[in-house]
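Labels run A, B, C and D following the written order; every chain starts at residue 1.
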Amino acid sequence: MFTPADPSYAERVRRSFARQQAMVLVGAELVTVAPGYCAIALVPRPEVTQQHGYVHAGVVAMIVDSAGGYAGFTLFPTGASVLTVEYKLNLLAPAEGDRLVAEGAVVKPGRTLVITRGEVHAERGGARTLVALMQQTLMIMRGKADA
Amino acid sequence: MFTPADPSYAERVRRSFARQQAMVLVGAELVTVAPGYCAIALVPRPEVTQQHGYVHAGVVAMIVDSAGGYAGFTLFPTGASVLTVEYKLNLLAPAEGDRLVAEGAVVKPGRTLVITRGEVHAERGGARTLVALMQQTLMIMRGKADA
Amino acid sequence: MFTPADPSYAERVRRSFARQQAMVLVGAELVTVAPGYCAIALVPRPEVTQQHGYVHAGVVAMIVDSAGGYAGFTLFPTGASVLTVEYKLNLLAPAEGDRLVAEGAVVKPGRTLVITRGEVHAERGGARTLVALMQQTLMIMRGKADA
Amino acid sequence: MFTPADPSYAERVRRSFARQQAMVLVGAELVTVAPGYCAIALVPRPEVTQQHGYVHAGVVAMIVDSAGGYAGFTLFPTGASVLTVEYKLNLLAPAEGDRLVAEGAVVKPGRTLVITRGEVHAERGGARTLVALMQQTLMIMRGKADA
């Protein structure tokens, strides 16, 4: 649906993701990168839980914010970096299971701003539960390379 | 301004916070608890950064979401727990400095829902910079103790 | 996908919509009601414009908030009414054209809260442009009939 | 607190407001303009109500979105216009009374984006009730005059 301005967009996303130490800290992994789309997964561990033993909403926010940000970043020209202006997150169910998968998808790519939507599903056995829903505004920072 | 239903509200918040392993993981500390108010601080470390070396927006979200949630929780009756229904977060400046302080404050305490506002400031030397702004909806889960 | 608790849900929505004088004032029309879904249309007139001659963002908000609210309302039991707790709206393009169509769809029907997503498209000739994107939280007010 | 780039900012806001036909339609009135601040009032009439007889949430949204937008606009240079990128609105109490007053205030004026907060109060007799709470992102459209 979207044609990336930079053919090596996936490599650029992977290199950027690898520099995010907070992603390593929480145990997040980049699973899919496609034009206007990104998926990030996380296997729940005790270290990322809140007081009830579920994955902390902040960790859920972290992976879906990043999935949305990188979904936008896939469409950016080289030499530009991505900034999250704001997002709104609804938390729909406890985040627990074998794996959480956060997906971000571009809805509207603009010249300065990019709008995305995000979802987080919890997988357990063969079942998937919608855990969180996001709507996000990104800004393209031209002339400010990501690295 | 607000009168807590439970006089031992501060202790209840501290015990709940202590059970949040994700707060330990990112290095967050509970600094102030008052009726309808909570402040959480974090000293930036490389482990919580994103690709530009600033504190990851998700970590900023984590502490301000928790500050708002515990601000609401101070007003809850015993035997009730708190759930973040949703929040909206604007990121205003890079999160860096000597210390980040996230503050949450109740705007409207309802019977089922509680609305809060949150702010995160970065402190460096004597200066404070507004880093993030939040508006949040909490739900009171009666008959479901926090512990 | 959703099974309404009340088989006469469409009639209930139509009656409620008819009582909204603000909808008459702006010229909004109920076009489709289905389980978990509602569409509302508006033909732009000078009376609903802002300073640049486009339909006012508030009018766009009004029809998409209502479309989301009635999408939720289709699934409610009789004797319950709907309350918008909050929504977040991104405005993506100027609202102009032959007709605006606001669609609301339930994402997650809960026992107390219902989460919806909404979109507004502007139609001109055969073309459709995405004008606004919404994420919304509704509350089911049981024992408080709509009329 | 803020110093407007254009000394005739108040006149510029008043002229722009006067061109908003939707504001006339709902009966909104500009009451205060100050640097980084704007207040808009509305006297409830049957024409702007929803199905329960309260002022429609969309009308509440319309006046607070405009109050926030004009709060930002007071700080813009001449020859620039204002665009609402997005906002998030919590509805806290039924909008009814003698008068609704929507206030918008700039929190962070940026080079491209401006962040505001808004509140709507309902006045009845001497009492004021908080009816709605908003957080908003505006964009400065340089080289695109408002008129």
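The working rule: contacts are C-beta pairs under 8 Å (C-beta built on N, C-alpha and C of every residue); 3 or more make two chains touch, one makes a residue touch a chain.
Remember, it's a predicted structure, so these values are computed and weren't measured experimentally.
Taking B-C and C-D together, the pair of chains sharing more C-beta contacts is C-D.
Averaging C-alpha coordinates per chain and comparing to chain D, the farthest chain turns out to be A.
As a whole-number value, the distance joining the C-alpha centres of chain B and chain C reads 33 Å.
Distance between chain A and chain C, defined via averaged C-alpha coordinates, is recorded as 29 Å.
Centre-to-centre, using mean CA coordinates, chain C is 22 Å away from chain D. Within chain B, residues 85-86, 88, 90, 137 each touch two or more of the remaining chains. The residues of chain B lying in touch with chain D in their complex are 88, 90, 92, 107-108, 110, 115, 117, 130, 133-135, 137. Interface residues of chain B, counted against chain A in their complex, comprise 16-17, 19-26, 46-52, 55-59, 61-63, 65-66, 81, 83-91, 146-147. Interface residues of chain D facing chain A in the complex, by the touch rule stated above, are 85-86, 88, 112-113, 137, 139.
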